[in-house]
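Two complexes follow with chain A in common, the first pairing it with chain B and the second with chain C.
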Partner chain A sequence: MLKDINIGQYIPGDSPVHRMDPRVKIILTIIYVVLLFVINNFYGYAISSVFIILPVVLSKISIRYLFKGLRPILIIILITVLFNLFLTEGEVVYRIGSFSITKEGIRMAAFMALRLIFLITGTTLLTLTTSPIDLTDGIERLLNPFKRIGVPAHELAMMMTIALRFIPTLLEETEKIMKAQMARGADFESGNFINRAKNMVPLLVPLFISAFRRADDLAMAMEARCYRGGENRTRMKQLKMSAVDYAAFAFTALLSAGVVYTRFFFH
Partner chain B sequence: MGNGRVSSETLNIKKLSNVRTLTKVAVLGSFSFVIMLIEFPLPLFAAFLRLDFSDVPALIGAFAMGPWAGVAVELIKNILHAVFKNETALIGETANFLTGSIMVFTAGWFYSRKKTFKIAVMGMAAGVVLMAVLMSFANYYIFIPLYQKLLHIPLDAIVQMGTAANKAIIDLKTLVVYSIVPFNLLKGVVVSLITIMLYKRVSPILHS
Partner chain C sequence: MNKTRNMILVAFFIALTAIGAKIEIPLPFVPITLQVLFVFMAGILLGKKLGALSQLLYVAMGLIGLPVFAKGGGLGYVFKPSFGYLIGFILAAYVIGLIVENRELNFKQAFWASIVGLLVIYACGVPYLYYILNNIMGVNITPYGAVKAGMLTFLPGDIIKILVVASLTPQIHKRIKPFIENKRM
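What follows is the complex of A and B.
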């Protein structure tokens, strides 16, 4: 069950995109996603494709990985395309039985498929070129201004870092305990729903116990090293904006202006 | 040992418990995310409703460390899910976070008033009902229209998808009533049952 789960998309590298400040990458990704919803015609997509192709080329990441990111949403894309293709009203182009494909339907289907592909490609690029730890770091820094209204930015980032570190450990442990219980005759993959839920108990109890033990050990280790929260903490890796980051901002501003222009002046 | 200075500075009990809570919530969040990966869709329901047991660690966390700890576990789980498996541009994660948090917070709040088994069961029941009610509103007014906006699927099409599974579904309201409400109820009940079965066996280590 857990074998085909592929955790972590990050591909290490030394490209300008990898070296960018995670804060900048997160902000630019958000701007990019918002822009995708501003777009209302295909000219806009032409501009946003520049937006995505340039970092992909610069990052030297194989296109294969980007396609891999698209695979989980293939079904959603398919459903979207089919619904829009057959259920949009307009000038009929082709008829299959009681269904009809309209000109508007084809346009809408292509439009929505492109939106989804652009959306997922952009966010995938962020996770492909930024390690989860850098992402967490970036999120913490971006949340810093909200500390004043009570957002526990540092604690949240610390918990995220710990959680990230424990994913592989817990995955391995889950698999190990599953196998151990299966060797004793436990069955996780058949039976009706209630039975399946019941069968989870012998798996979850040892997992919980070991998870808590690990948490306690970690707390003790942190205490022993005098961990005392985020205040006055110094960092080995300082986040610093470089020329690439400023260039990326300028580039984004230019493309945003282009996209907004296509929305209002092309039809 | 000169206990005056040592105990006031390095053995700060409150801080110690904070770090303990921090690591426990973090590990539970990670655990919850791992469980979330073992999800399976139910044949009777629409494809976008998936069942998983990932709320169990959040519930246990809420019982052991208070309602906000449970919410934090849900938050970590969903951020991890967003970082590793972005599939619906955060809409799915937000919905999941709200669903889980409402249930977990209610149950944890009840239990924090009075720590008995009966109150725990009552809290979970209240949490499940509240969650089903609030989430049907949230789905009707926010999430379904949002999906519609994102994917441009006409709402009739989602309703038709529901009709294929259940004849009584004729419009969006009945879709919510016949598919999302029972799904959330079932999910809540199953998660609560597992938590009940687990709690007594896990609780010694929570309080140690």
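What follows is the complex of A and C.
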């Protein structure tokens, strides 16, 4: 009943891309996404492909993992391509029955598919090369300047970290309760939908109660160790920008200029 | 209420929502996940602010690429026709929390609050579905088609989930009371 769960797509490694400061990686990913929406012709894609291919090569991550990231939206890409291919009006190139493929349709379909593929590949690369802890750490540091307007940067990052940490624990708990109830005769796998939903109750009541109990224990443990939020906290691992980070920024600036150029001066 | 504990509870509901997306009731053709059930429970048990915060962070984490959504995560989710429901979760948790605030958590309260929450989810999800299908994916669908695909097919299942929520609420509330009326503060 529980789908097999892969928690985290992160692939540990020791490449320059892995070692980059997570803050820089997040900012560059955002810039990359914005650039994809600036692009309005295929020259732009040619440039942005450099933007994605270089880090992929440097990170030494197998292309297989990037394709895996594309799988969830494969259907969306397919539908987009098919509909654009057949339903865009223009110069007819090929005809199948009452459907016709137009030149504009082919262009549009390729353009939309490329945008989606580039978008997903780029953001997948971020999660493939950055551990969840580094990611939340980076987010906390990036949100720090907004503390002044009342954004609780540390608390938000802490909640994300705790959530990630406890997904496997609570999942295990769910499985354990399920087995315990099955041993007492609960039936999760037969009957019609209404019955199955009803049978969820003996699973969910203990699950919620144990979550509240665990939260209480954890709060007590944290307070016993004098946890009081991010103020005056010192870190064992300091985030530091290195030469790779500065190089990546320079590289991005160059490519961004290129993309903007193709948008306004090539048609 | 205690600040550290609230923070942890929000984190736990993020985790539970992520798990809810992955518990599925196997049915022929359309397997149904329990995700909305956890959204409703977040609103009911955590209240408007913390409930909505847990859903907001859940969505934010998924978009960043942390693996909490039904199928991984990542920015590409924004282009999924179903992303509107995720936005709806945030508002629904808030609205449900608002309704049950300062009221006794019995079957009836939980039921009607969840019904309103469900309507909020549809109100966000269906127009989003319609927009993405028509404008991003280029699939032509009529407004009625969007309502049919995005709401009517899910309605019976969601109502049953609400009934489960409503019968869970008094049982759980009774037993977490000692944790809510905090002994230490």
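One rule holds for everything that comes next: the second predicted complex is superposed on the first by the 243 of 267 C-alpha atoms of A that agree within 3 Å, B and C clash if a C-alpha of one lies under 4 Å from a C-alpha of the other, contacts with A are read in each partner's own complex, and residues count from 1 in each chain.
Heads up, the rule we're going with is that a contact is a pair of C-beta atoms (placed from the backbone, for glycine too) under 8 Å apart; a residue touches a chain by one contact, two chains touch by 3 or more.
Model, not experiment: these values are computed from the prediction.
**Q** What does the overlay on chain A give for chain B and chain C, a clash or a fit?
**A** When both complexes are placed onto chain A, chain B and chain C end up clashing with one another.
**Q** On the A-aligned overlay, A:T80 touches which partner chain: chain B = first, chain C = second, or both, or neither?
**A** both
**Q** Could you tell me if A:L170 is touching chain B, chain C, both of them or neither one (first, second, both, neither)?
**A** Touch partners of A:L170: chain B and chain C.
**Q** Kindly classify A:A253 by the partners it touches after superposition: chain B alone (first), chain C alone (second), both, or neither?
**A** neither
**Q** Identify the partner contact of A:Y227: answer first if only chain B is touched, second if only chain C is, both if each is, neither if none is.
**A** both
**Q** Pick out the shared contact residues on chain A: the ones touching chain B in one complex and chain C in the other.
**A** 1-2, 5, 7-9, 33, 69, 72-73, 76, 79-80, 83-84, 87, 108, 112, 116, 119-120, 123-124, 127, 132, 135, 139, 155-156, 158-164, 166-167, 170-171, 174, 193-194, 197-198, 200-201, 204-205, 207-209, 211-216, 218-219, 222-223, 227, 229
**Q** Looking at the complex, which residues from chain C come into contact with chain A?
**A** 2-5, 7-16, 18-19, 22-27, 32, 34, 37, 41, 45, 57-58, 61, 64-68, 71-76, 79-81, 136-140, 157, 160-161, 163-164, 167-168, 171-172, 175-176, 179, 184
**Q** Mind pulling up the chain A residues that touch chain B in the complex?
**A** Residue positions touching the partner: 1-2, 5, 7-9, 33, 69, 72-73, 75-76, 79-80, 83-84, 87, 108, 111-112, 115-116, 119-120, 123-124, 127, 132, 135, 139, 155-156, 158-167, 170-171, 174, 193-194, 197-198, 200-201, 204-205, 207-209, 211-216, 218-219, 222-223, 226-229.
**Q** If we count contacts the way the header does, which residues on chain A are in touch with chain C in the complex?
**A** Chain A residues touching chain C: 1-3, 5-9, 26, 33, 69, 72-73, 76, 79-80, 83-84, 87-88, 108, 112, 116, 119-120, 123-124, 126-127, 132, 135-136, 139, 155-156, 158-164, 166-167, 170-171, 174, 189, 193-194, 196-198, 200-201, 204-205, 207-209, 211-216, 218-220, 222-223, 227, 229.
**Q** Chain A touches which residues of chain B in the complex?
**A** The touching residues are 10, 15-16, 18-20, 22-31, 33-34, 37-38, 42, 47, 53, 56-57, 60, 72, 75-76, 79-80, 83-89, 150-154, 156-157, 190, 193-194, 197-198, 201-202, 205-206.
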